[in-house]
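Can you read through this structure? Questions will come right after.
Note that the chains are named A, B, C and D in the order they appear, and that numbering of residues resets to 1 at the start of each chain.
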Amino acid sequence: MDRTQFKHHIQLKVRSYEIDWQGIVHNAVYLQYFELGRVGYIEELGITLDINSIQREHRVVLARAEVDYRAPARLGDVLAVLTRVSYIRNTSFAFEGILEVQATQKRIAENRAIHVWLDHRSDQPVRVPDSFRKQVQRFEGDTAIIDWPAYET
Amino acid sequence: MDRTQFKHHIQLKVRSYEIDWQGIVHNAVYLQYFELGRVGYIEELGITLDINSIQREHRVVLARAEVDYRAPARLGDVLAVLTRVSYIRNTSFAFEGILEVQATQKRIAENRAIHVWLDHRSDQPVRVPDSFRKQVQRFEGDTAIIDWPAYET
Amino acid sequence: MDRTQFKHHIQLKVRSYEIDWQGIVHNAVYLQYFELGRVGYIEELGITLDINSIQREHRVVLARAEVDYRAPARLGDVLAVLTRVSYIRNTSFAFEGILEVQATQKRIAENRAIHVWLDHRSDQPVRVPDSFRKQVQRFEGDTAIIDWPAYET
Amino acid sequence: MDRTQFKHHIQLKVRSYEIDWQGIVHNAVYLQYFELGRVGYIEELGITLDINSIQREHRVVLARAEVDYRAPARLGDVLAVLTRVSYIRNTSFAFEGILEVQATQKRIAENRAIHVWLDHRSDQPVRVPDSFRKQVQRFEGDTAIIDWPAYET
């Protein structure tokens, strides 16, 4: 992944209890870090993460996550999480993430996280709302591939 | 993934604190479940997970993890983790995992986890030991693809 | 704490990712174990832990937790969590817990967890319902001290 | 606890995956937050948290933790953890912690954490080193009660 494509950065510090018995950050914790990046990204778009959204018409679920581990993060490391939306299709979209040491840009891990928009009642995929497409396009400009499928008639 | 290829099963129960604000098991927890499957598998092969292995000549690191989320796990669910080694190459090997509801075999998630054998000092990949190849072959029989690369001369 | 006073036992196995960089179960994880004991206890009383209880009239909150650490739990340990209600007062009640190695009864930790019954709207303490007092009394018999405060008139 | 007695403050932000099914930070996570405060305190004293300290002559273990929960922390909250050493006795010492909302000083929780200095081989308590007493005294001044027990002769 090319870090120049990522416009959204957050910073975080490795926490003591995230270190496992091998003396490195546990492999599942990186998924948590990338989630923090996505939450920050969503907030920067101006979307409030509503923990009552459970009750809403639609919901967004994680369908697939990939992590490539490049080098372990260690106690005391100050890390940056870079986040972008790489594409939006009809009913799905993808986040990409880079985790790196803040000071040196040493690559720690990379992440792809495919999300799907679901109807809350039927649990069936529905079209990603145009409002979300617009918010992402405004933020990403040309770096995200955003489809604008015609509505079925 | 075809569940008939998996010879190793463990059972676990979703724990209350693994439930997130959406009322389902948090997405990073599934990686923990698949790890439990792998730890159980390794133990069944007769290998002791040595938490002092840090000091050893070689170590095994997770290089890539993939999770496909099929359906959320919920509070009280009793789950099965099915684990197998799908291949062993020169310096790497792959675990596959299926997470399902124990009683109904409802598919919750699938996992691929690519591991690499490293020299502890140089951090360079080294050949997966023949002893490990034999242990896996004895357990898996034909279901795992195990290369036996010739030693360089 | 006297283990003969505890009628409710659950069993759990230390999970690999609960081990910290010191090679022992992390200190915050013991609180999770004791919670599992309490969830099991509540279920044995016949009370369903309703994750939508958020919407209900009353809710029960943890007001104070104490843990005495006797000996560290380690990878592979099979542990028992013993749980009891030690008292019910007007608006509060206390759980006690013992964590021990299943096979040897070696004491790992002890826990006290004081809970308070709150009115969901006002966030003010309300009387612990008589139905809960009865359920606990039926299960505990003489080992729990249960007050039956007169209703104010 | 009187917050004016606390000279060491760190700031942290509630992370999405720390929220439980009740929509608040899970009760065990507060112990993690207080640990972060203690780690920061130790670093400010100039002591490096050595994750290889396992191999050392002495080690410091948590013997007892108490948490008083005042109000739940929620998603997005920016919190302060205030940490101090309240006393050092012969073989033990106590940390105290306050968790509060950074902006409003709304009290979220309080913590006491009693630690014991152990001989690594015998697992028996040993005298807290004078070097540690001095470091704490220099930082705390009069706010910590530090005994200077005479060496047995």
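Methods note: a residue touches a chain if its C-beta (ideal position, glycine included) is under 8 Å from a C-beta of that chain, and two chains touch if they have at least 3 such contacts.
Just so you know, these numbers come straight off a predicted model, no measurement behind them.
Distances between chain centres, each the mean of the C-alpha atoms, put A farthest from chain C. In this structure, the chain pairs A-B and B-D differ in their number of contacting C-beta pairs, and the larger number is found at A-B. Repeated interface: A-C and one of B-D, B-C or A-D share more than half of their contact pairs by residue number, and that pair is B-D.
A separation of 33 Å divides the Cα centre of chain B from that of chain C. The distance from the centre of chain A to the centre of chain B, with each centre set as the mean of the Cα atoms, comes to 25 Å. One finds 37 Å separating the Cα centroids of chain B and chain D.
Each of the following residues of chain B touches two or more other chains: 16-17, 19, 21, 23, 28, 32, 35, 51, 75.
Of all the residues in chain C, the ones that touch chain A in their complex are 16-17, 19-21, 23, 26, 28, 75. Contact residues on chain A toward chain B in their complex (touch as defined above): 21-23, 27-29, 31-32, 35, 51, 54, 59, 61-69, 72. On the side of chain A, the complex with chain D involves touching residues 15-17, 19, 23, 32, 35-36, 39, 49, 51-52, 75-76.
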